[in-house]
Amino acid sequence: MNTKAKDTEGSENRGVSGCDLKSVLSKIKLPLEIRIHGRGGQGGVTCAKLCALVYSRLGLFAQTFGDYGMERAGAPIRAYTRIDGNPIKNRNKIYTPGHLLILDPSLLESGALVGAPHGSMVLLNTPDRLSSFHGFCEEFRFAIVNATQIARKHGIGASSVVIVNTAFVGAYARVVSLPIEMVRETYSSLGLLNDFAAAQEAYDAVNIREAITPVRFPDEAPDSVPGSPVEVIPLTELTQDMPTPLKTGSWRTQAPKYVTLTPPCNYACPAGNDVVGFIQKFHNFGLEASSEILLATQPLPSVCGRVCPAPCMESCNRALYDGAVNIRGLERWIGDHASNYPIPVKASANPKTVAIIGGGPAGISAAYFLARAGHKVDILDNQAKLGGVLRNGIPAYRLPEDVLDRDLERLEALGVSHRPHELITPLRLKQIALEYHAVIVATGQAESIIPRLAGVDLPGVEQGLTFLNRVKSKGRENIRGTVAVIGGGNTALDCAGTTLRCGADKVVIVYRRGQTEMPAIKEEIRDILVEGVELVLCRQPVRIIGDKAVTGLEVAEVELGDPDESGRKRPLVTNNLSVISCDHVLIAVGQTANRGILPSDWVVTKQRVYAGEEPTNVWLAGDFSAAEGTVAHAIGSGRKIAMDVMNCLSDSTESCVGNSSSIPELVSADNINLFCFPRREILEDIHLDVSTRTHSFEEVNLGILSGEESRRCLSCGNCAHCDACLIYCPEGIITRSGQDYLINLDYCKGCGICVYECPRHAMEMSLKS
Amino acid sequence: MITGNHAAATAAVLAGRANRSGRGFCSGVYPITPSTECMEFLCLQDIEKGHVVKVESEHSAMAVCIGASVSGARSFTTTAGNGLIYMAENVMVAAFLRLPVVMVVGNRAVGPPWNIWTDHSDSLALRDSGWIQIYCGNNQEVFDAVLIAFRIAEDHRVLMPVMVCQEGFVLSHTMALTEIADQTQVDQFLPQLNLPHRLAQTPRVVGSFTSSRMIEAHREQHHNAMRMAWDVYTEAQTDFEKTFDRRPPDPVVTYRTEDAELVLVSMGTIAETVNRVVDNLRDRGLRIGSVRVTMFRPFPFDALKKAFTGISRIAVIDRDISLGFGGVLWGEVRSLAQPGMVVQNYVSGLGGGDVRPEHVEQMVKDALERKTTGPSIFVGVGE
Amino acid sequence: MNRPESYQNSHLLRPGNTNCGGCGMSIAFQMFKRSIGDTPVQLVLPACCAAVAAGGFPFSAYGAPVLLSTFASAASTATGMAQVARLNSEDIRVVCWAGDGGTYDIGMASLSGAAERNEDILFICYDNEIYGNTGGQRSSATPAGAGATNILKGKIEPKKDIMSIIAAHGIPYAATVSLADPDDARRKFQRSIKEKGFRFLLILSPCPTGWKSDPSMTIELVRLAVRSGLFPVLEVENGSRWTINVEPDFSKDDLARYVSLQRRFKKSEIKPDEMGAEIDLKWKTVRMLAGCNTGV
């Protein structure tokens, strides 16, 4: 056994600067016996020693020793200090302490108070308030201090094993009216001055309550506390298993717990997809289970899995490690491969009728969620088929129509009815609002922006969307010569790709800013360049040249200035002109919503229509109300509005997923133990060979070859049942039953290994209450 | 005609085999003069359900015995002198774990100066180790004592190890006619070992830590079990006699002590010499007797008290020395001294020094003449 | 990761033991038990923290029969137990579970003896590189640069190469175990518990109290020791076939972090570079012995 006990007996008076020794001395009742109860690692024995050293500065004799057991950090220990004016001859342990110093409140239950005579002083380290000790220890002069908090704040010891002794002695000095200066001098002589600030804080923070019940001493004090003899099993007769009865949970100062935090991908998804949820489900339970999660937020997984710019992937914690998880590819894989099973419809107790104006992604989304909730939904659209921009705008080589149709089958199965060729006017809209319980206007941005540019009326100049729509509905056209496409968004790219497929000899995209500023999906830009389209960047078109037909596009050089409010560099047009000779110009500089369909007396506030002060039963959704520009945003918006509508119609308080306005705690890459995840190559999408793709409208991107990519998901902030906590727990007290882990806190010593080792930050440590 | 070493080994083999119906026999051994031949002999025997491990030290030899014994096997080893001292830690462990190991110590001086010859200082250094100690007077006793040692050690009232001490060379290497028992007899005398606290499959800690008050209880229990050893020994003697038709010596063997004025107390083979001197001097009219202590632990207080009745002078011959005190045996015997009794100590025969009748006569002369007990006297030094 | 099915009531080291929080040896016990399942074992514990952890009489913190042996004689005490088990044809595996003191130092002779005799024993050394039980004094397993209570400024001599010593005995199986590589550890535990003859496992077992590290860093420290090459993870079959099981990346950053997470290296002011030289030397030998055997 370890015997570090040191007697520090006898001492000379070293003198205490600035203190009236006599008055201090006169207050001490000698001989004084101090008993310290602590836990291994808190510094209880040193605490006893420090007390002795402080008193010895007064010229008193002191004796101090620890009661060494075989326990380790966290186990109860005792230490003793005797103070007297004469040499100390008593070498017994202390049974009737005049001062009791208790370093851990849980020790109160294990006999720390035994033997203390009435009127003794008890100093307790506790996070509780004095008021919570009402009716407790009233026969003692009772003081409390939160030394653990103070020591932790001053960084003394480790997070799970806080060394409280130096702070605690500061509190002790206050309780027994020893000048804090003496503590400072003692610490100084021991090279412990770094801890003095904690002692000073504890000195100031201690709370004292005088003894309340009448003090009757010393006749009450027992002479000693020997136990009655216990029958001891002979060594030759012990044959049974007697498991240790110790509950080591009482040693703990902090406890682990499981948490679920928001992964950045989930937060980034405009549609509100539970990205980690569907990927983990896929990884562990397969396609159908995963599809169920995906379809809970996403009516068009196959579509989004193709055309979404995937902000989730940009935010993926794996991005800077070995590349973002191909979330879009997975979404597509699941959307394409899961069975188109009938979506369960929740029978609504109070079904309503809802008209949705516009069959684009926002309208589809709103319809989908309303129908799932049991409402009767009609989509009124000016086209023959549902899909809006998905059907008319996006070329087939990016989004084949059958893919869209398959996604839409679910909508049909939900009983959503489609009313095609509806021409919406303000008057008609007002009528509709009277016919239905609610109306959602989601007509998107159907109007192309026409730039004020000389020569826009020349033959050979056309709006990009018109062109795309025509090719989509009527088929391939023959185009010869050079095509210049104005714009930097996806429509511009789609125009370029489509003209190329129509036989153009050369296609250039003219954009006024740099490539990084292009709003189009990065992968799409990459693809179009591979196909042979040229980018003419930092050029502002100023004039379309031509007599009877287009012969060229005059452009001005643009310098990039300071970033504007969107964060993109502001283009500054110079006088440096040049001409791009071309035979066709397609304009794709953006679209806008046709607000003209809204009656003029409707006022829109926060996507809801008001008649005067009164809210009406009309909402706006998708790009029509806020131009966010992606299908995913439109889907998210559609769902949000659908939820709002349902809330208003049913007075239910069911909140919309992802509707929370507060920013949740996100798991950053720093929170992830990336070393737990071997670097693994991204499973990239497969693309059609360049030479074949430019000659047909076959889908270019063929997606991923398997769902294997799901294993790359880190499941940030979401327990993935990897068992790391269980495997590394030194006590072996973490158990798993199915999908749940259980920590047996009776034994948890609070070491924190499980939390540190959790690869994905699905555990946290909390202080013991 | 066999040596003491072979007698001891033969007995151990017979005892080991006798446990073949039980959990067998396992022994850890290491060579050291003068016990080497005992261990060699043991190693060369074919013991059914038995194994002798040739380890790398005495310390490990006893450790093997501890491991074997705690697993319920019969266990035996042999060592001597410095080997025993090196083994000491585990010697104590075997006792404090209450394991019925039997060990033959070929008593040898503890060096340096290095000396391979006999001396009781080695085993007496382990006087307080919790072992029962038997000191043999001849080869037959060695053989018999090993068998009887297993019998006492394994008795549930006792359950502790037994050390059988034979003087190095004087017994270990001296050949003498020895009656060897046959296996059936031994099987009958030594039933299979059934260790109550055998470590089997039940989770349990053997040799765990205890609090101060608990270790006191365990020592008290051990001490009380020691005292049971006399009764058990007496029973075993009777049984032994029934089985083998000869009776092993009592814990205290007296020789012509009736009406004696002086008795000479000794252990081991010196007693034989003393007996010869007693005969001679009795012939010359001196009233002297001889007392041989065969069981040193537990110490036979009652038997000795009885032997000392009416005696006023005791000479204690020690083949050992507790430096700064005197003979170890003397120290124990002196605790029985009545007021006015002379209990004089003579230290002789250390490191194999031959204690001859002349030396004993010298002691008798001194003991009869002295008025009071004096300091220990070394007899025969430097001859 | 290994996926234990159920082990709730079958701890080898039970909850309620008195080891410090974050004890590496405790983790080793839990992993060992999960790996060996219901294989019946008897434990021999020489003086060490594992012996203290057993608890006070008459209680047991172990879910197996345990004998606390003397400090020096774990392997020889186990010899007796294993031999008797063999004589009685019992299917019980005798396991010595010793600290570095009971292995590298005082236990070396009996360990060597039992290894040479090829006793049917699994000898596991949980190496915390100090005499942890007595408060943290140097052992021959203490690495150069690490301080101990009896050598404040840090040890000068490098750590004893126990694996070479053990391998020289030509025993059937010897391996080092990284607690931060649970799959490899599990395989080694499973192999070593089954194999006949003398088997030896060395487990680097951080001691938060003695190393002055945060208890939550226990596994991280092992991970860093493995990655930096400080603790080679390897196995030796029949004393001759050496295989490297985990290839380190010899990262200087990992080494620096390993040192910075513990206060025991503080006083010696040892530079990771100096330790790096020692590592290079060690790995030259390891590579030579392993030839092209890599289990990676």
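In order of appearance the chains are A, B and C, and numbering begins at 1 in each one.
The rule is simple: a contact is a pair of C-beta atoms (placed from the backbone, for glycine too) under 8 Å apart; a residue touches a chain by one contact, two chains touch by 3 or more.
Just so it is clear, the structure is predicted and the values come from calculations on it, not from any experiment.
Chemist: Per the definition at the top, count C-beta pairs in contact and tell me whether A-C or A-B has more.
Modeler: Result: the pair with more contacts is A-C.
Chemist: Of the chains shown, whose Cα mean is nearest the mean of all protein Cα atoms?
Modeler: Going by the distance between chain centres and the overall C-alpha centre, it is C.
Chemist: Measuring between Cα centroids, what's the chain most distant from subunit C?
Modeler: B
Chemist: As a quick test, compute the distance in whole Å between the mean CA positions of subunit B and subunit C.
Modeler: For subunit B versus subunit C, the centre distance works out to 42 Å.
Chemist: What is the distance, in whole Å, between the centres of subunit A and subunit C, each centre taken as the mean of its C-alpha atoms?
Modeler: Computed value for the inter-centroid distance: 39 Å.
Chemist: Where the CA atoms of subunit A average out and where those of subunit B average out, how many Å apart are those spots?
Modeler: Roughly 77 Å separates the two chain centres.
Chemist: Using the touch definition from the top, which residues of subunit A touch two or more other chains?
Modeler: Each of 70, 238, 240-243 in subunit A touches at least two other chains.
Chemist: Could you tell me which residues belong to subunit C and also touch two or more other chains?
Modeler: Residue numbers touching two or more other chains: 52, 55-61, 63.
Chemist: Touching at least two other chains at once: which residues of subunit B meet that condition?
Modeler: Counting only residues that touch two or more other chains, subunit B contributes 202-204, 209, 214.
Chemist: State the interface residues of subunit C toward subunit B in the complex, per the touch definition above.
Modeler: Where subunit C meets subunit B, its residues are 40, 42, 44, 51-52, 54-70, 72-73, 75-88, 92, 109-110, 112-113, 116-117, 119.
Chemist: Which of the residues in subunit A come into contact with subunit C in the complex?
Modeler: 1-2, 4, 40-41, 70-75, 158-161, 233, 238, 240-248, 251-252, 675, 722-724, 726-733, 735, 744, 746-747, 749-753, 755-757
Chemist: Using the touch definition up top, name the residues of subunit B that touch subunit C in the complex.
Modeler: Subunit B residues touching subunit C: 23-26, 28, 49-51, 53-57, 59-73, 75, 89-90, 93, 199-211, 214.
Chemist: Over in the complex, which subunit C residues touch subunit A? Could you list them?
Modeler: So the residues of subunit C in touch with subunit A come to 1-4, 7-8, 11, 13-24, 26-27, 29-31, 33-34, 49, 52-53, 55-61, 63, 133-135, 179, 182, 208-209, 213-220, 223.
Chemist: Show me the residue ranges of subunit B that touch subunit A in the complex, using the header's touch definition.
Modeler: Touching subunit A from subunit B are residues 96-98, 156, 159, 196-197, 202-204, 209, 213-214, 217-218, 221.
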